[in-house]
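Two complexes come next, and they have one chain in common, subunit A, joined by subunit B in the first and subunit C in the second.
On to the complex of A and B.
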């Protein structure tokens, strides 16, 4: 029963609130970098509320059931992931073995829901975008898994997030070691791909395929997708903070550090987003399977050597 | 039951579990075949062969004497050959011959292995043999038996018959034999060898894991570029066997249990995929991915079963594929705890293999069910025949099993099928039982909400035209994204281009290479058979002279 509480408050509300706030930071910072004023604080929330009031439009030729269900499946999976992450952060004794694998696999489901939504739209541009999203997943999964393994090695070969947090509480955060820092860098770049942000937003290229995967989505369904992306905007940096930076500890100065870590990661994402062009999908594949995988292998070897 | 004082049958939990699975799939195949196969004169022997396959497979599983096992194993191979022959493609006879040669040829290796085992241990009874792998003859025996197992289960490099069979044989045969029974038989024997017959060493475990990893990677990459969807499913089947080998190769009870559980799960969702695919094939009369599309509206039930099975193969929680893969990963981490670097490679390839499987399955889901229909099928409407009810039952049942085995993995399959195999209690501290069950129940609540809200939205929705930047789709009929070209980007990457083109030409298939070499030598030697009597007499005379020299001057 306690988990329903966790799910609702932490998994949904807190994640959504912090995610919307992070999205606002992103938009305000982008505006500032482009010499604009930028939106007010509650703008992301207003956007979602506005969309909820609009009509649901379904194109001819779409598979209706999949089209309607896909956004919500994505939202439920992000809720489950953030619940697991919060439970680990707050009370790491009460978790289960191997939940790192559960989190990594569940993080695939939001991308799958976007892909299914794109396929179900009956629009060739959406299908193109969805196939690009599939290739994007294929490309960043490899260095992502390797980088996450670095944290597992540091935590004495345990696949429990609770053990990773406990190791960092004892020995200091993983990110200060050579392997940990390299792994942090790699995971951040993979996260840029997971969130489908420039330079990896090929599946949703606004100028090429008119927003690709989400082209036919409007109204409440688009609101759900937007909310899912905003919650991912918190859940993924939170995952990085737990694995490499010791989690969000609640007492005293650590709370400030945690907030600064999150804001710092968001700022880094925004700066990368604004200073890079978009890559083609074959460039993305070559980038992730080439230099990033090599770096990730080096990080794993360094971790095995106890650096 | 004894015969000449030898035990014939041996019943223990491992045999019971595998036997139940084999019988279950035989029943489903019979149901499905009744709807799928045309009622011709020859079809009576088709059902006879399926029943005989069931009988010989059960004989092999419950055998106590190794000779009985070998005979039943070989007979299953013969019936496979006969059953493939019911396919209606042009290449079917060649494929059947290929399957028989690969399986029958490796049976010879098994015979050698069994003979060695009998010689080394003095007995041919499973219950009495327990060899240690410290001297070469025992290792050779193990490897010979392993070759037979790999051919039947379908791991690299003996997997090529499965891919061709998937394409050319009738779909129920493919769902029954390569997807479920052969794999169950092969992995049953591997489990018997690892648990009872041999005392394993880390080196041999590493060999198993290496083969498993190569299988996952190779078959996964090949899967992405196939045009025929049954061939794609065949490569997927090969790739999943890699996980089973990886699990059994870890040597830890958790990993071995995970490998065996994965084998059962794989049989379930692979058969579901093939059964659903057969229904689609019957409706659309083609298996080329380029020419299909948009079937979700015509076949909603099959779409759902295919989707559930596709998500299970990819290992998406909370379905059964994830449960068994999780156990295999835990087993790999346990080997990593003992030191060494290799476990990283196994784990990374295994998890990456999931991503590749997901990619392949999504390609199929899009190409067959979603997306726009092919141009030549857009105006036929729904004139094709209805799918018989008997063809619906197996996929629906299997999809339900996927969900059940995933959510209640502990209460149902693991407790009754897998855990009894191990004598000691498998204790897992802090394993995911109560908390994950709660999380999954919450997912269920979430799904309920989804259905509810979708229903509400469906009432108030409005349908519009598709937006492609100002044009209309009717005016541009060729504008569709078919599944064929999905992964061209991967295929054209510099390193992969040459590998893929070599593989398509058959240069990396031992059977094809072997047959080319054999026939080449044959052709060369055939030049000596000129038909002229005096040439033959000269050769005989020359041979006689050489013999005299050798015998006189020894």
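On to the complex of A and C.
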């Protein structure tokens, strides 16, 4: 019973509310950076509610079952990720061995679901976007996992998020060490790729391939995808806060501090996405496998040397 | 009206279609997205795919090449949907009234919800037209909105 509570209250409801708020911050800040007024506070919610009422069109020639199932798979995997993260954050001893691997694995599934949806819709532009998304995953996943390894090394090679949190509660947050800071930087940039935002929004490039993978989605299915992206907008920064910044604590000044951390990360994402041009997919690959991987290896070596 | 219908009027995503306009109307519409006018205040976004759109903005005199394409685009739009005709050309074909290539005005091809006159209309006029459409829709019963 308690797990169902965690799944629906923390994993879905709380994550969705904070994610919607985060995506409002993102849009409002974008508007302010461009000297515009920007949308009202409830705008992301209105967008999703509106899409629920719209008609669902399944394109002729699409493989129907996959087309309909793909968004659900993505949403459920984000729910699982955020549930595991919340459980760790609230009660860090009550977890299982290897949950870090589960989280890293399920953080990949939303991208996979987007690829499935793109290929299943039978639209040439969507297939193009899906194949780009596939290459994007290939590029960012290597430095991302190396950077996560840094936190594992700091916690005496434990693959439990609870141990990582406990180590940080004892010795101070990982991000202040040299290797931790470097890993935090790399993870932030990989997160930009995971969220498919500029400069890595090649799979969704509006101006070239018209929203790419999502081009054929309409109505409730698009709403599920948007909700998934908004929840990811909380789940990924939350993951970073847990493994590098010591997690969110829910009382007194800590709550304010945690909120500031989250808003700060979102603001950083937004500023990056508003001040950069879009990269081509081959540039993305070269960027992640070149400088980013080298930096990540340096971070791992530093962590092994206890810096 | 229910919460979902309210949300619809607060988050109109627009798709921009030029059916042989002289490009002035298109530029005036793009002005609506700039910092000075900023239609994102009202929750409107410009989208690149017709499947995401709620509003079809049409500019230009509808020519023979475009007629089947407009119809197809309109049919691909998920319901509920709105159509906005911008500029004299889309309203009545303007100076192309007697052209061999423009047999029909737009509202003989697809149903139009709001007409915004002008050659080209100012961005303020476009925004005010869409806002009037929203006001009108607020008062209507749900059945009339398919």
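Basically, the second predicted complex is superposed on the first by the 307 of 307 C-alpha atoms of A that agree within 3 Å, B and C clash if a C-alpha of one lies under 4 Å from a C-alpha of the other, contacts with A are read in each partner's own complex, and residues count from 1 in each chain.
As a convention for this text, a residue touches a chain if its C-beta (ideal position, glycine included) is under 8 Å from a C-beta of that chain, and two chains touch if they have at least 3 such contacts.
No experiment lies behind these values; they were computed from the predicted model shown.
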* Examine A:84 and indicate which partner it touches, taking first as subunit B and second as subunit C; both and neither are also allowed. => first
* To do: Would you check which partner chain A:50 touches, where first means subunit B only, second means subunit C only, and both and neither mean what they say?
  => second
* After superposition on the shared chain, which partner residues are touched by A:31: those of subunit B (first), subunit C (second), both, or neither? -> second
* Structure fact -> Partner touching more residues of subunit A, subunit B vs subunit C, is chain B
* Partner chain in contact with A:214 - subunit B first, subunit C second, else both or neither -> second
* subunit A residues contacted in one complex by subunit B, in the other by subunit C -> 55-57, 210, 215-216
* To do: Under the touch definition given earlier, write down the residues of subunit A that touch subunit B in their complex.
  => 3-4, 7, 55-66, 68-69, 72-73, 76, 79-80, 83-84, 94-99, 101-102, 104-106, 108-109, 112, 115-116, 119-125, 127-128, 130-131, 134-135, 137-138, 141-142, 145-146, 149, 152, 156-160, 210, 215-216, 220-221, 281-282, 285-286, 289, 300-301, 304
* Which subunit C residues qualify as touching subunit A in the complex? -> 3-5, 7-8, 10-11, 35, 38, 40-41, 43, 47-49, 51-52, 54, 76, 78-80
* **Complex contact set, residues of subunit A against subunit C** => 27, 31, 34-40, 43, 45-47, 49-50, 52-57, 206-207, 210-211, 214-219, 222
* Structure fact -> Residue positions on subunit B within touch of subunit A in the complex are 294, 296-297, 300, 303, 311, 314-317, 322, 326, 329-330, 333, 336-337, 341, 344, 347-348, 351-352, 354-356, 358-359, 362-363, 365-366, 369-372, 428-433, 435-436, 438-439, 442-443, 446-447, 449-451, 453-454, 457-458, 460-469, 473, 479-481, 486-487, 489-490, 492-493
